[in-house]
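Everything on this sheet refers to the single structure shown next.
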């Protein structure tokens, strides 16, 4: 049987490199089988989108990548998620803190720490024991620049991060994730709590960032997936129904369920 | 080395005297010596005293045989020092217009172990129909021991349905707040609260006698006149601060005892007692028994047995 | 059947609607009056209590009252030993209860696996919070005074009150920790923090306001506690102060005071209340004012702090 | 337009802090915190141990004194109406203390439950936000007053006031007698003490009940209003049933407070253990007994020393049951939403 | 200037009757201007849908109709909402309880009272002082039948309403609203908390109910609006950008914003 994930590489011309790959992943919330036999490649320097109706398991899958589920008792993974290539390691077998040090995450609701803007961005380095002010200064500036926030905040780095507007807060969270130079950044509906204008700026930012970092993003907005992603996986009831290049998913879906969903017949 | 501390506990009857002396003494010493005074009742005080927890024990009755044995077991010798005379006072509420005096027999009827009297009309023909509420010292109290022995004929035997407290202030409060109340405790507590209490004259077959300094001195307030004491741990008595304190106590006793409204012994008596103390005369003159109806003169003549 | 139909037709009849509203509103007015009455009872209690205390006690409140030890003479008697005793006892209490309570709160909220043990500890803490204070007195008497042989000392009292307020500190600590949005924790974990880093860098600093409030509420309770200290024998007549904690010779700091006998404000007040002489009631009232002002000030601080912290940190 | 992302010039140090050090540090911290959490369990165990140990000695002494078996002693303890462990002949029937406790608590509940519930419903559903913000701290203040001050209040303000009222009522309905011919409320009575205990627990009940009402989800409230209900109807028909377990928890915890209250009853209710349910009389509660006995320093090892533990054990288990019941009720209402 | 609301009646063939009409409504959340110059007719026995991006004021407008905002201090209405016709009355001037007695509401999350199924439905009548068992029985049965729930619950009327499944609970809430025979029922995203199957049953129910009662519904699912409503208003930033027959809104929108929104370009 051809796995859904096998389809893509065949149709692809330019050379693609897998940064991570999910293999036969099952996930249980204390007994509740939330992810079923997930197989999914994540290509380097690309944006991969997860779409699907509410409750289908998008967030659950995303959070497997940085072992967020380890924080709560009763959760159980089965299967593998391979990361990197020299050599690839199954991140489900690694120390979760090590995993998180290599994979950043941006959440649905902007969640800056109630500390200064500077400290928000520097926090990831401080956690790693880096307190050298010169390094911090440099990293903070670069991350804020990369998050397209530098010009807006450079004169108020000491103000609390919570004093920013929603869209700025979300960009601050992106800067925080960028500061530690992760290989992969996970985005969980990063714009769903933002107004349209802030949404546009975050979307642009994601498009720019993909040249530098690999991105896996959950979105409930299909148009957003079209606008920013190269690959899309459609999930339903804990399974990946279809995975393909984004354009194919939306223009010539193979599965009936996918077709129904992208045309708005349910969800 | 910390500040030298003298620990005193025991009788609530003696408490006012010791408290006043302690206060004056500490003032006079400029705080170089500390004195703590607790109120556990005579019995409670002796229990601690005989375990060596206190240096001095206040007592409103002589030490009993059992307590002597306890002290002996713990290797504690004591010096017995009478410090004043008390008129154990039976009190009623000021609104009580009927019970001006009570006979010893009536008191026994009221307080006897099987007494069912709960109304004044049952006490004597002609007393009004008003509920009788009783207040008395608790079981650790020397006053309780003395009163039950003197009235009921046997120490610690009493009816039980009364408000008992080692703290005589509680009893004063109780009697003063209840029209039908009757209680008993040391004379000083009555005198301190004369405007909220009324003393009952005691009729021991020779007509009613009011509790008063005079009637104690002339020996007519019977059987409720009694000596009160402090007992000093003989080993503690070797400590300079304790010596100093006891000397101060006895030297100032006449004034202090008068001030807190007890009946002082004759001035000469205090000199003899101080001499006994300085001679370290240990032991009791009562042989471990309650002494009822003792006059001052009889007391002073007693010698250790 | 007719009348039923009639009633149902009336559902949209404006007159019927208006009548129904009117009668229901009358009930509401009545209830509002009842509500005011209930609150008034509470308020009047407060007013009566405070004004009675002040009317009786105010004349006694002067410098001398604070600087004199108790005395058999009501005119002379003051609260020096009582407030010094209270201060020292509370100091010990705080020293024990604060670290222990916060640590326990952190464990239960951040570490404890959700299992029967956590359930058990939780029930246990709730129960301890509701155990009458006099039972703590019995615990202290049996355990600290006689088994550990600490005697009737400031140390005993401090530990007793610490155990007494521990549940308050634990519960408020947990509540303030719980108020930190999970998103903040996840954000910190997501950049690679360890559990303790998350707690030390974020959870604790952000919840300090709430924890502080809990501590202060606990302390104010400890200040007013009487019963457990009576059972461990704080009611002796004490006219002297404990050894000073600071000395002018080496090693300069002395801990002898923790073994000292003591009295505290509420006990001094209780002592005076139970004296029959009118004059001592004045002292009692005056001590009551001090106690009341003290606890109110402490409580007020807690209320204010809570208000400020609620405003200052927005998520 | 966002400019091109900046490349990384500084290579971040990959030498992360040692994992072993980190893991061990985490373990040690967790163990310390665990010990702190266990301290509460230890406290309970010590309480139970102390209470039991002394109570056992109490019963041994009583058995020896009365020449009876343990069973007889226990029967006497639970059914006897004579509590006088301090006075010969010793009586160890706990019922007088329980009746005193029950009566004061009953009076307290009669005051606190209706007033507290009404006040809570009013504060939660009717009072303008300003009034609520103002009154809640005041109620907290009321809850924060040291109980010895309440005791003073009961003895010197409430009881005299009650005495005047009772006398006044009698004189009104049955005038023309001499003052002493009327019934007089004793100076120490459970009524005054109970009322003040009620006033003391009133803020607890109000605040816990209010919390329970506030915890009812907004959708339920709005659902009811949308049906055309008034505030009162919403409160009584929807909110109170929805918050029932929380309200019951509030009552139970208030009751536990009342049972454990010591200083008010010790100062104002009288100290004589008396088997009576008449609130107009004075009597001793369990707590007041313990305090009154320990007022004089207790000689260790005497029967009175042990008697307070025997009384204490009753108190402990009574409040234990109530507290645990209250806990489960309040947990239930928290779980529902 | 032609108001957006004038367009419809012109294009309509069958006779339409306005049950309610919003005129120049402004609404403020303690200072925050949440609704701006709203004009909107609500036609009798039709379904009118309110769509628009998150935060645009759909819920706020809906809740003006039954004066829900009166429950919270600081809210202020300006303008008029006319209701009924003999004579029409401005419901913003009426007693709010009187308004709510004539206008039912179904919320986003099913909110049955913690009472029996029977009492849930009977609640509206009891509140009005009707306690006659025969009447209640009749009304409860009729309302449950109309809400397509009778067959499922007729044998368990005494069980708590909260014991039902999500979709059943929502139908119970609809039955509860129907019981007092309201002229207008407001629905605030009634299916967004439900699974696809329950959603279908509620949608069918709404379609059937419109022959009986007027419906005003907020939805974030544009396909849902197409499926069930006859008229649609598109809101944006507190204003009604466009109001028209549903088909027109989705197939030939007049405003650019509307076109962008219905084609998924933002939101």
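Chains here go by letter, A, B, C, D and E, matching the order in which they are written, and residues are numbered from 1 within each.
In this section, a contact is a pair of C-beta atoms (placed from the backbone, for glycine too) under 8 Å apart; a residue touches a chain by one contact, two chains touch by 3 or more.
Here's who's who by UniProt: A, E = Phosphate ABC transporter ATP-binding protein; C = Phosphate transport system permease protein PstA; D = Phosphate transport system permease protein.
This one's a predicted model, so the numbers in the text were calculated from it and none came from an experiment.
**Student:** What are the chains that chain C and chain D both touch?
**Tutor:** Touching chain C as well as chain D, we find A, B, E.
**Student:** Which chain lies the greatest distance away from chain A when centres are computed from Cα atoms alone?
**Tutor:** In terms of C-alpha centroids, the chain at the greatest distance from chain A is B.
**Student:** How many angstrom between the C-alpha centroids of chain E and chain D?
**Tutor:** The computed centroid separation for chain D versus chain E comes out at 48 Å.
**Student:** If you average the Cα atoms of chain A and of chain E to get two centres, how far apart are those centres in Å?
**Tutor:** Averaging C-alpha atoms per chain gives centres 37 Å apart.
**Student:** Express in whole angstrom the distance between the two chain centres, defined as the mean CA positions of chain A and chain B.
**Tutor:** Each chain reduced to its C-alpha mean, chain A and chain B end up 87 Å apart.
**Student:** On chain E, where are the residues touching two or more other chains?
**Tutor:** Correct list: 97-98, 101, 128, 180.
**Student:** Quick one: which residues in chain C touch 2 or more of the other chains?
**Tutor:** Residue numbers touching two or more other chains: 21, 24, 194, 233, 235-236, 274.
**Student:** Mind pulling the residue numbers of chain B that touch at least two other chains?
**Tutor:** 9, 38-39, 167, 170, 173, 176
**Student:** What chain-chain pairs meet the touch criterion?
**Tutor:** Those chain pairs satisfying the definition are A-C, A-D, A-E, B-C, B-D, C-D, C-E, D-E.
**Student:** Would you tell me which residues of chain D are touching chain B in their complex?
**Tutor:** 82, 84, 86-89, 91, 159, 180, 184, 186-188, 270-272, 274, 282, 292-293, 295-300, 302, 304
**Student:** Write out the stretch or stretches of chain A touching chain D in their complex.
**Tutor:** Listed in rising order, the residues are 95, 97-98, 101, 125, 128-130, 135, 138-139, 142, 145-146, 148, 180-181, 204-205, 208-209, 211-212.
**Student:** For a test of understanding, state which residues of chain D touch chain A in their complex under the given definition.
**Tutor:** Touch residues, chain D against chain A: 1-10, 12-13, 16-17, 19, 22.
**Student:** Along chain C, where are the residues that touch chain E in the complex?
**Tutor:** Touching chain E: residues 4, 7-8, 11-12, 14, 17-18, 20-21, 23-24 of chain C.
**Student:** If we count contacts the way the header does, which residues on chain E are in touch with chain A in the complex?
**Tutor:** 53-55, 195-196, 199, 221-223, 263-267
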